[in-house]
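One chain, chain A, links the two complexes that follow: it is found with chain B in the first and with chain C in the second.
This part shows the complex of A and B:
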């Protein structure tokens, strides 16, 4: 290139790099140090080594509950979402059967795709408020109105500790499915049509076509979906904060690490302790991402 | 995603009888499931819309009755007394500036990193990309103090800068790949004609990268519009209520609506928050779908 490359390069990078370092890199770096102090905002925090982590893992019920909930989320959210989305995407792309040898989607595929994706553009915080009304524990709730009409006892979706977490998972699935329908549809449309045709000629049923053709060839996309949903399972803050009773209740039965970080930092001013939770969350997320990429890479199909 | 509809001459499987029966059962079940899922998406939204016209008595009565009258005063109350109008405009203001800033700064950084070789290029690139691996919660506490020490707590400038900063990793990652894929010949021709580096970027490369820029703009607008944690942490303190963005305002209304027992107003507020998004989505659904999934498909 011509003269004046460096002034140009520096000029273009100065602002973005400065903003990024000040607001992203510096806080991340500080978090690791802060996690080793007992800082509570007023006096300068004292360095306490791994004491925060010791307390976290031996003496913090809320944190353990949150960990368990992430475990449940980590299994349930990807599994349920992917199964539903796969089925819907299969119906929308191949479910119409063969129109004289070519696989098509069912009637109304375009409409369904638009509708399914819709929740994706709505804010989770707003959905939390919306679902409070849907889940209301008496006949004025949208679901319980139907249940009581059928002559059954209303269900305390959010106030019953045993099902509160599942009610929240249901909202997350409700929102996420459409995204993965679109994602899987894109993957399915990349599968060459003649593979289906050959399978049809060999007398494959729809079922075996799905398991022997679609699923293996969609493996890379599924892997992406799994990692995305798994990372989402470590968040869930906004929905828990806006939807659950007492922000993580009843009795801590829906709390997540993000919720505990927020509470410890901004309600109790335990900044060092909250940072330690952040560090724990970071290692959990990273471990999950590394593990799932490792496990799934081996099995991908060469095309 | 186009579905090939042209008829092919080949006839299908060996036992058409068996296949047809199997298709019918699966298609029947499949159709039903598609319809049920669509209903599960639409019903709550329509229900909310209807509830925005109901009185408190109607809301606490049977959930599946129509509103007795078109109570538009629910909407007026939500707009003015519950400040939904103001929260809405706040959100528009913040997201307009932060997305514009993200796109400008992100495109500048991505362009330089993708098309110029200089010492430290890779370091800066990986510095940006590594941001994708960190959960925001890890930074939350220190970030709060960084913003406070800069005197930007409870200010739009602080929130906008933070939005930009946290949108940069993905924006730079995506756009750098995009700028790399653009042909060299046009850039060389422009340089021969005496275009400066800056002009080359704004007048040649930016227009060429339009489709990528649009995808990421949509991605950022929706992500920043729906952001909840960052404004919750950064817009607090004295007089913060006036500055709240829409997600914060709505989340708070649900608590205060409980105190004021104004449920009609709550549903009107919810509808106001949801309806514009549905309208925008209905118009741009193709671009929005590809914009939001662009990260995953890459």
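This part shows the complex of A and C:
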């Protein structure tokens, strides 16, 4: 066995590594190179060094705006989603019968579980169409029809630059919550039942149970959720593309880097410049993931 | 410090016919160490959890110190429980584990510190106070679980098979520690186990359960000497009592032609259960006699040499079937395998049970 070990291992590794190199690593490398050219799609591009990056960081308002939006998304999306999902997961799993000792969810929790997960199965394009109808700025919009009936001024959810981004964040949260409810539920069901029982005998109320027992024991899962949502916050392209007015508008108030890449590449045919943005996004995302894993690292808890 | 009363307390799990605990009637005195024992599924753990408030009570009442706690939540009952898997909080240190309940009760820091240190001293846990549970051995975790219960200074201790995750040697050691700790603290304790040796050695009184029904409550000695029915007789004691249902003849019980003499009253009482009677005798209540003295001929299959004495396992033909017997002998009479020995139960140490109702005669 010792003898033929390496051919054996290499035999298994060869196929996946080849596929990974050809379809993942090579395009990345290509994009990195493209970012250093002024390729416009037709004639072969000229090597321009770091000119694209220089322009990107000093002379591109849209890019900086997009970066700002990612900052907001990065804070709001994980925070809001995790808080809502944690609350719902707690209610679904242990929020119900703590009074009589059997840890069950609130009444009808099985039904809610399905309902919460439903948005997750919808394609983003459908979400875009759906929420365009919901957010429509006049009395025919689902929300505004209620508001106007109540005698108030309709709200321009997507056309008001100040609230357009938040309207989009709301959709993102609404869609993401279901998945994280499931994730946290799985985490909670990993916590042994007798720990809850011991806490109950120790006199824990629902609140102290949540903050002193459930939450610390869910730390690993929370960390994973935070990284996932943070990475999602660097994307958000599809929903902006389908839902926002003017694809990132009004007046760039909802644009994201993905949107700017798309615009530069496929509308302006500035492939070299778009690649430079892509490279910047790549480093942003990877820095975030590394940082958040480092910061939130704690002694992992063994149950 | 408190008394505990189960007043016809029942638990029926939804969707089942037979109650898991059926009208349990049990009075536990202040400071008593009561052991609930029985085979798995007999309802002993359910009974304990009913007292803890972790299980609904579907009928009857549960009283702690005369106060009806039947429908009170666990935290309002002033009880502490030691779980089989200890249920320590994995993210807290030993100190925090023990202090948790007191913290929730808003006890002052100084008082918490005093009580935790005191309990840690009692359980030899001082040097581990800052450790997390995963850095402790099984025995240490067990002691932390005990400590968590002790610092509460509760009215009642509940213990749900607290020794079953320890290795045999540690179990014996911890057994005596728990018993002496309970004696020192004097707190009413209800202890659940499936191990009859634990029950015999630890309990002031032992309650034997089967299929949700209480069979007998008494001191370990009384349970051993006068079991109330066939189940209790067979459950308590190791190796188990020899229990055989044989024909009733004039003058006694018929063991394959060898008649075990019974009194007239005994025979009359046995007759109410038909023409059979269940006879029991403990392995140590036997004598090995010469073939001519009319003992039960037993073919030896296995001899367990325990050093001071030996358990002899064998079988005898009774009424066409092969029946297994266990006999305890001293070293001088150690038989060999395959040999036939003649065994006579001591007449005054025989237990008789009605063959139909299985009750003691």
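Just so it is clear, the second predicted complex is superposed on the first by the 273 of 303 C-alpha atoms of A that agree within 3 Å, B and C clash if a C-alpha of one lies under 4 Å from a C-alpha of the other, contacts with A are read in each partner's own complex, and residues count from 1 in each chain.
Note that in this section contacts are C-beta pairs under 8 Å (C-beta built on N, C-alpha and C of every residue); 3 or more make two chains touch, one makes a residue touch a chain.
Given the structure is predicted, the values throughout are model-derived calculations rather than measurements.
Novice: Once the shared chain is lined up, is A:201 touching chain B (first), chain C (second), both, or neither of them?
Specialist: both
Novice: Spot which of chain B and chain C makes contact with more residues of chain A, would you?
Specialist: B
Novice: Name the contact category of A:217: first (chain B only), second (chain C only), both, or neither.
Specialist: The second partner, chain C, only.
Novice: In the superposed arrangement, does A:42 touch chain B (first), chain C (second), both or neither?
Specialist: After superposition on chain A, A:42 lies in contact with neither partner.
Novice: Of the partners chain B and chain C, which touch A:15 in the superposed model: first, second, both, neither?
Specialist: Once the two structures are laid over each other on A, A:15 reaches chain B alone.
Novice: Answer with first, second, both or neither: which of chain B and chain C does A:150 touch in the superposed model?
Specialist: neither
Novice: Could you look at A:142 and tell me whether it touches chain B, chain C, both or neither (first, second, both, neither)?
Specialist: First partner only, chain B.
Novice: Could you pull out which residues of chain A sit against chain B in one structure and against chain C in the other?
Specialist: After superposing on chain A, chain A residues 99-102, 197, 200-201, 203-205 contact both chain B and chain C.
Novice: Hey, which residues of chain B end up touching chain A in the complex?
Specialist: 1-15, 19, 22-23, 26-27, 30-31, 33-34, 37-38, 40-44, 47-48, 51, 59-64, 105-106, 108-109, 111-113, 116, 118, 124, 127-128, 131, 133-135, 137-147, 150, 161-162, 164-166, 168-169, 172, 191, 196-198, 201, 222, 225-226, 228-229, 232-233, 236, 246-248, 250-251, 253-254, 266-267, 270, 273-274, 277-278, 280-282, 285, 288-289, 292-293, 296-297
Novice: Within their complex, state which residues of chain A touch chain C.
Specialist: So the residues of chain A touching chain C come out as 99-102, 192, 194-195, 197-205, 208, 212-213, 216-217, 219, 299, 301-303.
Novice: What part of chain C is in contact with chain A in the complex they form?
Specialist: Residue positions touching the partner: 49, 52-56, 73-75, 79-81, 83-85, 87-91, 100-101, 104-105, 132, 134, 148, 152.
Novice: Going by the contact rule set out above, which residues of chain A touch chain B in the complex?
Specialist: Spelled out, the residues of chain A in touch with chain B are 1-2, 4-6, 8-9, 12-13, 15-17, 19-28, 30-31, 34, 84, 87-88, 91-93, 95-102, 104-106, 108-109, 111-126, 128-134, 136, 139-142, 144-146, 149, 174, 177-179, 182-183, 185-186, 189, 193, 197, 200-201, 203-207, 224-225, 228, 234-235, 237-238, 241-242, 257-258, 261-262, 265-266, 271, 274-275, 277-279, 281-282, 285-286, 289.
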